[in-house]
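The same chain A turns up in both complexes below, where it pairs with chain B and then with chain C.
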Partner chain A sequence: MGFHLDWSGVLAGAPLHWLVTGLVTTLAVTLAASLLATVLAVGLLGLRVADNRLARGAARTIVALFRDTPLLVQILFWYFAAFGLLPGGVRDWINADHPWAVLPANVPLISPEFLAATWGLGVFSAVFIAEEIRAGLQALSPGQREAALSQGFGHWSALYHVLLPQALANAYQPTVGQYLNLMKLSSLATAIGLAEITYQVRQIESFNAHAVEAFAAGTLLYLLLGVVLGRLLLAIGPSGAGGRTSEERQADARPAGEGRHGL
Partner chain B sequence: MRGRPGRGVMDFDPGVITRNLSYLLWGRLAEGDPGGLLLTILMAVSAGALALVAGVGFALAAWRCPGTIRRLLFLSADLIRGIPLIFIIFWLYFLLPALLGGDVPGAAPVILALAWFSSAAVMYSTLAGLEALPKGQREAALASGLSEGQALRWVLLPQTLRNVMPSYVALLVSLVKDTSLAFIVNVTELSTLAGQVNNRTQLYPMEIFLFTAALYFLLCRAVSLAGGRLARLRH
Partner chain C sequence: MTQDTLSPPLIEFRSVHKHYGTVPVIRGIDLTIRRGEVVVICGPSGSGKSTLIRLVNGLERLSAGDILIDGQSTAGLDGAALRRLRTRIGFVFQQFNLYGHLTAAANIALAPRKVLGLTDAEAFRAAATLLERVGLGDKGDRYPSQLSGGQQQRVAIARALAMRPEILLFDEPTSALDPEMIGEVLAVMRSLAESKITMVVVTHEMGFARELADRVVFLDEGVVLDDAPPERFFGATGHPRAKRFLSQLLSPLHQVGG
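Here is the complex of A and B:
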């Protein structure tokens, strides 16, 4: 086929600068959306395990709506449709210049693109993270929650202090997988013009037609990010999350139904 | 571009949907160029069929050939799941015409990329299903005179496929949603056309994207329901 690879078209000058900007943007949107997704996932889990039937129904509806529509359509919706519903003053403020909220490599954090991508990724991932952790919750005995409540814990503090740590230990690896997925899915924000890695790779390709080199650089950046992020998350995780203890495996092996959490 | 002031939820105008309904549902089908929801379904079905065949094939290869082949299959599956799907589409979109040296219809690289990406998940699910079967199944098949291959073909695989059916259905639902990534190379499936109509009309993003989301939602639900029926039927 005789491809002639010329890396100077990607790893020097403006293209290199674009790639660095893209990397910083991808990192920033991944971090912001991960924090948002974590908060929303805990809220969603709280609704899922609530005694109130309405709360549980609301949580199920949210999960179904966001799980069974493509993330791309959700991001387009937030950016083109929902943004317009914000009060005019808020829109003007978001569109204005914010020199204090600009990361190195000239990456603005307050822009319609960044906020819509963060919100869209955060909401979508929260649903999947909550479902992974819920699977971890189902392996716990219902006695855990009852004991916590009878000790005087409230609904949310029982969830936070008693149930979540155990559920996370049970479902840590799949949960980490969802955060890695969030990082990869941030590539969809190119559709609304967020200047992350994928956007920059396309820009290089249309700038100097070094498609293969640009795609290779982008592919390697995502692979590298995935490995680093995965290692990091597994390292800070609960001990034994990588290889589970025999006790936990026995807990999983209980007959179906017995370990149910009444979810 | 971004939501005009003064047009809120109250000004919802379904007219833009009825005016563009046939375009969103099947594109320029009359000119022999299917698009919209129809193309989304066609792409999901063909990519799903390819992914099923390839993924089950990989799983059988990994099952029969532990060692290097199995490790290579795992490595390539992890690699393919480690990069964004958009990049697999990029690669095939550029490399396929170069390799085949001719005109490749726009949807083909996307279908292949989706199939490749999903086949890794099909492989893992199928392999997990094979390994979850009681050991006695294989031993009994061999003891009654079947060869390893025959035992796999007539005893182990049919049970595995039945047990793994729910995860195949879940993968097909993901596949339906993933076809939306075809926007990146301008293949005229539902999301791309919704974006087109939005750019052209400018004023109705709420109507257009809610309707588009509703179509995907119904399609995904229909796939889940039909898949669930099928799984129960075969039990």
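Here is the complex of A and C:
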């Protein structure tokens, strides 16, 4: 028996509409969770490098809790357990219709699914992002901090003016990787019924059994998002901003032809 | 020397002790350095030389005793008072420690802008002057990784000078340099020594000590064994332990057994 791909079951009618909805949902939850993760990572990093034992201990506990448990479990917890602990008025408000908070392709931003997924992905990713940047800090020679202190900088101003710019440059690539991970991990939100790409692919599969075509289309959408997001983040990276690593400067000195613009 | 004995004390070590855990590093040092003096501190490795000057600007905390700067106690100083003290004391590191993300000029201008509150224009104008002074007027836009060790150390000296310090501390400033680059750094230090800024220099460069130091302090196992003007330190009446140290420095292949 021959093997035929039939794209009409995926790229037309309701399945096409579902895929578009899935793409918009994945994009929206990725962006929202990325913003949340960035804000939380700044706060967590602040605790992690604080000049205070208690703050550092609290940060270590948060890191362990969210880094060493499965994200799927965390998302299920936020959706099924934590949401139920919210005051009734808040739950009713979230469950109500919010026509002003609906994206094109009929994607609601205020729903238990969207908020639980955003929160879960944001918290989980924040921990990893903060740890990447902390690793970037640890990679610096202790002499950088001593030089700053010896000039009269304090703990925080040394961090801000001397250490962080270099740590962010060191950690930039792995940090971009964490944001890409966040996008891919949003597929786990299918477990709480968030209608993102993976959810829609499975819906198509159960609707007309075009499993191969549906999963191929879904995979391509993730790949497309990953490539675009990755190139975008690298393009605004530290070679355009302040911090540059010595490797990057040496790379700049080499003839052009490779690197991020030659991909 | 008569002029130096007249000038007031600027740094006074008063029975200074420092230990890491149970390991003693500085074991009771009393030492007075007067304004305008150039003091070389030497001694075998592990004798506590670096620790001694790192105690002066609080990079290490005292275990006991006190260090007076300009008559003011610095033991237990922290927060804003410690930061203020540090702005008055320039520190030059063995490993240069230039800020890796900033150009030479920006390295020099950073603390004047962010700590002293100079405007960018003032700070960069002063940086350009200082770069000229250390012979690097054309290197202001280079990053540390694009400079040789000797050039980096000269930028580091300019960076310390940018704060207009009363005291300059040098922690083995030429020890990480290739031999052909030592001269350019010593030349800058010579011009500073002649400008009569107070300098405390931990170094093995005995030529510098002999020529430019007002006093040579010899440390061994955390105590001062000798404290003398160079003519006496290097002369016949120097301390026997110092003599052995010097002979090892001068002919490392023919070490006297110790």
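As a convention for this text, the second predicted complex is superposed on the first by the 216 of 263 C-alpha atoms of A that agree within 3 Å, B and C clash if a C-alpha of one lies under 4 Å from a C-alpha of the other, contacts with A are read in each partner's own complex, and residues count from 1 in each chain.
Please note the rule applied: a residue touches a chain if its C-beta (ideal position, glycine included) is under 8 Å from a C-beta of that chain, and two chains touch if they have at least 3 such contacts.
None of these values were measured; they are calculated from a predicted model.
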| request: Identify the partner contact of A:Ser187: answer first if only chain B is touched, second if only chain C is, both if each is, neither if none is. | output: first
| said: Under the stated touch criterion, name the partner, chain B or chain C, that contacts more residues in chain A. | reply: B
| request: Have a look at where A:Ala147 lands relative to chain B and chain C in the superposition and call it first, second, both or neither. | output: second
| task | Name the contact category of A:Pro165: first (chain B only), second (chain C only), both, or neither. | result | second
| task | For A:Ser157, decide between first (touching chain B), second (touching chain C), both and neither. | result | second
| Partner chain(s) touched by A:Leu45 [first = chain B, second = chain C, both, neither] | neither
| field | In the complex with chain B, residue positions of chain A that touch it | value | 1, 65, 68-74, 76-77, 79-85, 88, 91, 112, 184-185, 187-188, 190-191, 198, 201, 211-212, 215, 218-219, 222-223, 226-227
| task | Spell out the residues on chain B that touch chain A in their complex, using ranges where they run on. | result | 1-5, 7-9, 79, 82-87, 90-91, 94, 98-99, 173, 177-178, 180-181, 183-184, 191, 194-195, 198, 205-206, 208-210, 212-213, 216-217, 220-221, 224
| Where on chain A does chain C make contact in their complex? | 140-141, 143-144, 146-154, 157, 161-162, 165-166, 169, 242-244, 246, 249-250
| request: Quick one: which bits of chain C touch chain A in the complex? Just the residue numbers, please. | output: 57, 59, 83-84, 86-87, 89-91, 93, 95-101, 110-111, 114-116, 143, 145-146, 159-160, 163
